[in-house]
Amino acid sequence: MRPRDEILANIKRNFILEVLRSNKRIDGRGFNDYRKIEVKTGVIKKAEGSALVRIGNTEVLAGVKLSIGTPYPDTPNEGALIVNTELVPLASAMFEPGPPDENSIELARVVDRALREGEVLDLEKLCIVEGEKVWLVYVDIYSLNYDGNLFDACCLAALAALLDARFPKLEDDRVIYEEKTSVRLPIKNYPLEVTYAKIDEYIVLDPCYEEEEVMDARITFGIKQDGSICAIQKGGRGSFKREEILKLYDNAVEKAKYLRSFLNI
Amino acid sequence: MRPRDEILANIKRNFILEVLRSNKRIDGRGFNDYRKIEVKTGVIKKAEGSALVRIGNTEVLAGVKLSIGTPYPDTPNEGALIVNTELVPLASAMFEPGPPDENSIELARVVDRALREGEVLDLEKLCIVEGEKVWLVYVDIYSLNYDGNLFDACCLAALAALLDARFPKLEDDRVIYEEKTSVRLPIKNYPLEVTYAKIDEYIVLDPCYEEEEVMDARITFGIKQDGSICAIQKGGRGSFKREEILKLYDNAVEKAKYLRSFLNI
Amino acid sequence: MRPRDEILANIKRNFILEVLRSNKRIDGRGFNDYRKIEVKTGVIKKAEGSALVRIGNTEVLAGVKLSIGTPYPDTPNEGALIVNTELVPLASAMFEPGPPDENSIELARVVDRALREGEVLDLEKLCIVEGEKVWLVYVDIYSLNYDGNLFDACCLAALAALLDARFPKLEDDRVIYEEKTSVRLPIKNYPLEVTYAKIDEYIVLDPCYEEEEVMDARITFGIKQDGSICAIQKGGRGSFKREEILKLYDNAVEKAKYLRSFLNI
Amino acid sequence: MKLGKPERMIINGRRLDGRGLYELRPIKMKVGVLKNADGSSYLEWGGNKILCAVHGPRELHPKHLARPDKAILRCIYSMATFSVKERKKPGPDRRSIELSKVIREALENVVFLHLFPQTVIDVYIKVLQSDGGTRCASIVAASLALADAGIPMKDLVAACAAGKVDGQIVLDLFEIEDNYGEADLPVAIVPKTGEIVLLQMDGNMTREEFEKALELAISGALKVYELQKKALYEKYGASYETKR
Amino acid sequence: MKLGKPERMIINGRRLDGRGLYELRPIKMKVGVLKNADGSSYLEWGGNKILCAVHGPRELHPKHLARPDKAILRCIYSMATFSVKERKKPGPDRRSIELSKVIREALENVVFLHLFPQTVIDVYIKVLQSDGGTRCASIVAASLALADAGIPMKDLVAACAAGKVDGQIVLDLFEIEDNYGEADLPVAIVPKTGEIVLLQMDGNMTREEFEKALELAISGALKVYELQKKALYEKYGASYETKR
Amino acid sequence: MKLGKPERMIINGRRLDGRGLYELRPIKMKVGVLKNADGSSYLEWGGNKILCAVHGPRELHPKHLARPDKAILRCIYSMATFSVKERKKPGPDRRSIELSKVIREALENVVFLHLFPQTVIDVYIKVLQSDGGTRCASIVAASLALADAGIPMKDLVAACAAGKVDGQIVLDLFEIEDNYGEADLPVAIVPKTGEIVLLQMDGNMTREEFEKALELAISGALKVYELQKKALYEKYGASYETKR
């Protein structure tokens, strides 16, 4: 980073802080508000399920593909869920083509964690022949436009796409992708992620890009429909206090409920 | 590219153009002439088939190796042809070691395309046990000295090496590479590639390195023995006119016949 | 390398040479002396066998892991020994993270060579079901602190770890890693490596880091318990005379015996 | 023998998707769909869904790759894992590297790169759903996104494929025809000048078939060109002409 | 269903390794164990064995990655192939890349990076044997090695996990509990200020369980902090305080 | 047990290819075979066919890798996929990286690198067909190509292997002996000084066998040296001596 960039970054941070001090955010929202949310499913017919999610200007596309594979040796009667996210250079002038960097990997793993630990799928129902043949459920999520808070957008898109998915026809162990059945995936839970950014002493829900750029720390909660927690990830070199975390947890339970309202479940 | 290189490149281009304007080429050839062509087969005994091809100072070596593999699921009764080319740093001070770059990949894919789409092999005759065991035919082509027009040289070398190849002995599903049989590969067609370069308004056959360096566009035709076309690849930021392409097609049919004369078929 | 580094390197070399001329080494040893050697086995319980070796400040850790695999087609009744070494950036400010460089690969291959060609294991005794199932013996060696002569340290650690190893329990073809049996690996020979550095006309045993930095050439002998030789590797742009090599061979036989004394065999 | 190949792909002059031989699939285009990109476009062409973003002209790092006399144009074509029947492994493959190259070369023909020395213009093309003919669709989307980014060009690049199916020359092959047909001939042109800036072909055609297919592809591209201009007009209105 | 899962992991208030619910495993720490490193540490925590080396502050190549206002902190966490039951493939995997990131972010909180502009501080962590809870153990070892390297910090970072096993909240999960338990909550804190600098969680907990586990993890970290200070005192004696 | 191993490899003092124990295989050498290279050579040694090109001395990019006091010598040894019985996967493997290193170190001994500061000399070796002993053959080819490039050297490097087959010491092992013999000892020397610049060994030999094999390999290398000089003389005539 050149000295000039350094100075610019400071100016940005000071501006954002000044607005926060007057109890507002740069885009006019309250501290505890999500931006406008849109969920559109069934957008990619080639996928078994798909969903386009917009949170403000952040836009991600998730697709579900199924295939047949062998189970892991220690879970012979379970299928598998494989979640990937890619920070496509489409989405931002800052994302570079090439193998995934640590941010991309963290995002993918944290979204995967909420879905996996939140037991979104009943994996035993994905077993075809014990020890031999199971369904593999791939969820691939592409960021199309990055304006902050990819965690919540990706997790919401993944869940929406899983809900949208239908099994393809299976004929003598060959998957007939052209023919979708009406059978849905065995959805067991509805875990979603809710993310906050901390800037100086202020904590805001659903940070936009400019807020993420200057934030000290970030925290993401994975919340299930019963209000229990299935994942947490703190990021950034800043810190949280114990009380902040407990307060945010309670808030996240409410916000997860709000997010679920976009899924018609 | 430094400004000095820029200026040098312009001087080169102007010189080549001046010669073209006087209806000649820098190496004295006519616009529609190949350089001297040599084809030598059987040069690598370890390979099932091999051929060394020289077009002027361009020199490439193709080798055929056979092995046993499983067929692709959608063509259970067909073997496979796998064509690779490598721009060995031996061949030019400009070729770098390391993974193949886009030029190398384009070359490999275009040579592969002519052979595959031109149905050089009867792939069904490479089937040993339907759905289980087929012959895989690998053609690997190394550029040894690069002086332009690798497309035509590589395709010619690949076809010559395939014609030169003999099956090794097969004993209880083990390939005895030390013992070649007298059985040839099931050759079905004789596709070859013919390449032209366009420099300003001039179009020349079989460009040498200096011509490739300054050319605006390049076009390669894959032509079968019946005069039909099996592949085209246009390259470079320049363009062709519709009439030029049709005229070059006709010319390429003649030139492919000429190239085939070096294969004694 | 910057000119300043160049000058510094020369000063270092001259200093070391001056000491050598007075028949001493910079750390006070004689030309034919090893530094203090320590061997500690059983340090990693998760490994089937392990050993920590120190030669002076050089410190390496070897671990043995066993697993079940299929034999190579040309040796259907033999298990396999797979030796790896990694120059961990822990060990020196000069080792970079990332894929192994040529020094790392040479080290791994030369240690592997002594063990493999010295037939440390009776590979036939690692066969479980001929042609189908054999034990694979992995030896992974990490350099923890690099102060020269990794060859001897790694080979000694590898042999010590192999001697320390016990088979885990095998139950219906599943390896129960938690339960080690009392059965040792089928050790057949005790090959070890002995390394010399040549600086100008002087040849010293067990070079330390500063000596390696300025040495002209390096030679490593792999010696078995019967005094026969199983591996040699010369390194560096310097050279050896025929007589030097023969004299060093004889010396290496003695030194290998000395190294073996640390293994209680 | 190829499993899954339909017995016939043209029945009574109609193709499997109901089109006539010389008919284009439905095409929808929109520019300016991505907030962060300097220019962007979204294209639906039959079952193809393609998103394209242009970043730049911008500084190039490392600097020694920049050119003192013009901008570098970079192009990355890639397919979403779920854009095809069986999940595609993520990451670039040899096919996408070749396609990125020929698409870039076609675009280099029209962009006035000399206006932006020392910079780079990045064109990112993501195939969200594929249905045959993605390279032509990608070029069409890319030249719209470049125009949306306000980058001066001598013209848009228009593109369309023709090919041979069941022995007949047809326009704009969709996936099944692409997989099981006899030949595919993608063509990209500069409509104002008629220059051909992308030309590839694989399969098998006679001289007569090729001439007919080339003609047909060009006519298809010209129709696509009209749609491109319309899409830009929808966003920029009359002002677009001046902008260019 | 998971093969190998024990039927019960807590029997009569005792865990499978004999500990009570809120008991730490035995911990040993030593600093200054590697000659070549600027700072180093060795940590045994239950069955975990972790070696950590710090190189730097030192010049950063290539130079354009350096920052004019502060040092860059780099951190690489990696596991020895033989540190786990079944041999781990060498080389970085996605898990170790994520762990390297969260460990680095925790350490960045305390290191006075602005004292060393234009430089890099490298923290290399090698897990020689793993037994559950390696990320907490790694942070603890790393902050010791940074202290050993004489790098000024506002405090050490201390860490410990809590979790849920057989429906009960327990401190400091070992491998079996980590694999088959219901939840794991690793926490790293800055003891002097109580700030939480690493927090991750996976599994399932109610609001009440979470609050209890968080409390418990913090209390564990504070105990670990005492051991860290003792380890430094053993090497540096009273002088360490001043050094810092 | 190794499948495919011949029962005996020496019968009545004759080897499987008909040679006596101390006999070299037929060797052919030619320099100046590649137009584009600054120097090149082609070598047939028994069934080995090796092509070598030298590019340089030339500028090195990126520049910070260059040395102010001498040229960098780089060497890449690689095998054609069809050079061996079963197709070799393309790309460098660990064996070829090690061989590239020891070949380079042998060549560094003789090249006057200090005459060309700031530059790089690239030596590319391609094994087109392999039949045992490719590293010795590669060194021989490479030093010819360096001479052909007009690069000053204190001498050529000559090389040959000896080994142990059926309990007997033999010169210049071919593939079957290499695969199934008891030991292989490749040696490269600077003939004028007798210095040994490459020495590797794998297999098993007693002290006496080793001494005999070393002697034998050196004698073989000296014979090869005569052929090398002849090959250069054929191209350059008397002038070669002066050139060097």
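Going in written order, the chains are labelled A, B, C, D, E and F, and every chain counts its residues from 1.
Throughout what follows, a residue touches a chain if its C-beta (ideal position, glycine included) is under 8 Å from a C-beta of that chain, and two chains touch if they have at least 3 such contacts.
Every value quoted in this text rests on a predicted model; they were computed, and no experiment measured them.
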Give me the step distance from subunit C to subunit F, shortest route via touching chains only. 1
Which of A-D, B-F or A-E has the same interface as C-F, meaning more than half of the contact pairs match by residue number? A-E
From the C-alpha centres, identify the chain that is farthest from subunit D. C
Could you please state the distance in Å, as a whole number, between where the Cα atoms of subunit E are centred and where those of subunit F are centred? 51
Subunit C and subunit D, separation of their C-alpha mean positions in angstrom: 58
With centres defined as the mean C-alpha position, give me the subunit C-subunit E separation in Å. 31
Length of the line joining the C-alpha centres of subunit A and subunit B, rounded to whole Å: 48
Please output the residue numbers of subunit A that touch at least 2 other chains, ranges allowed. none
Which label fits the chain touch graph of this model best, line, ring, star, complete or other? ring
What order results when the ring of chains is traversed from subunit C, passing next through subunit E? C, E, A, D, B, F
Provide the residue numbers of subunit A that touch subunit E in the complex, in ascending order. 1-3, 6, 73-78, 102, 105-106, 108-109, 113, 117-119, 124, 219, 224, 227-242, 245-246, 249-250, 253
Partner subunit D, residues of subunit A touching it in the complex: 43-47, 50, 57, 59, 61, 63-65, 67, 84, 86, 88-93, 97, 99, 138, 140, 142, 144-147, 175, 177-178
For the complex, which residues does subunit F have touching subunit C? 1-4, 67-69, 94-95, 97-98, 100-102, 105, 108-109, 185, 190, 193-207, 210-211, 214-215, 218
For the complex, which residues does subunit D have touching subunit A? 34-37, 40, 47, 49, 51-53, 55, 58, 76, 80-87, 90-91, 122, 124, 126, 128-131
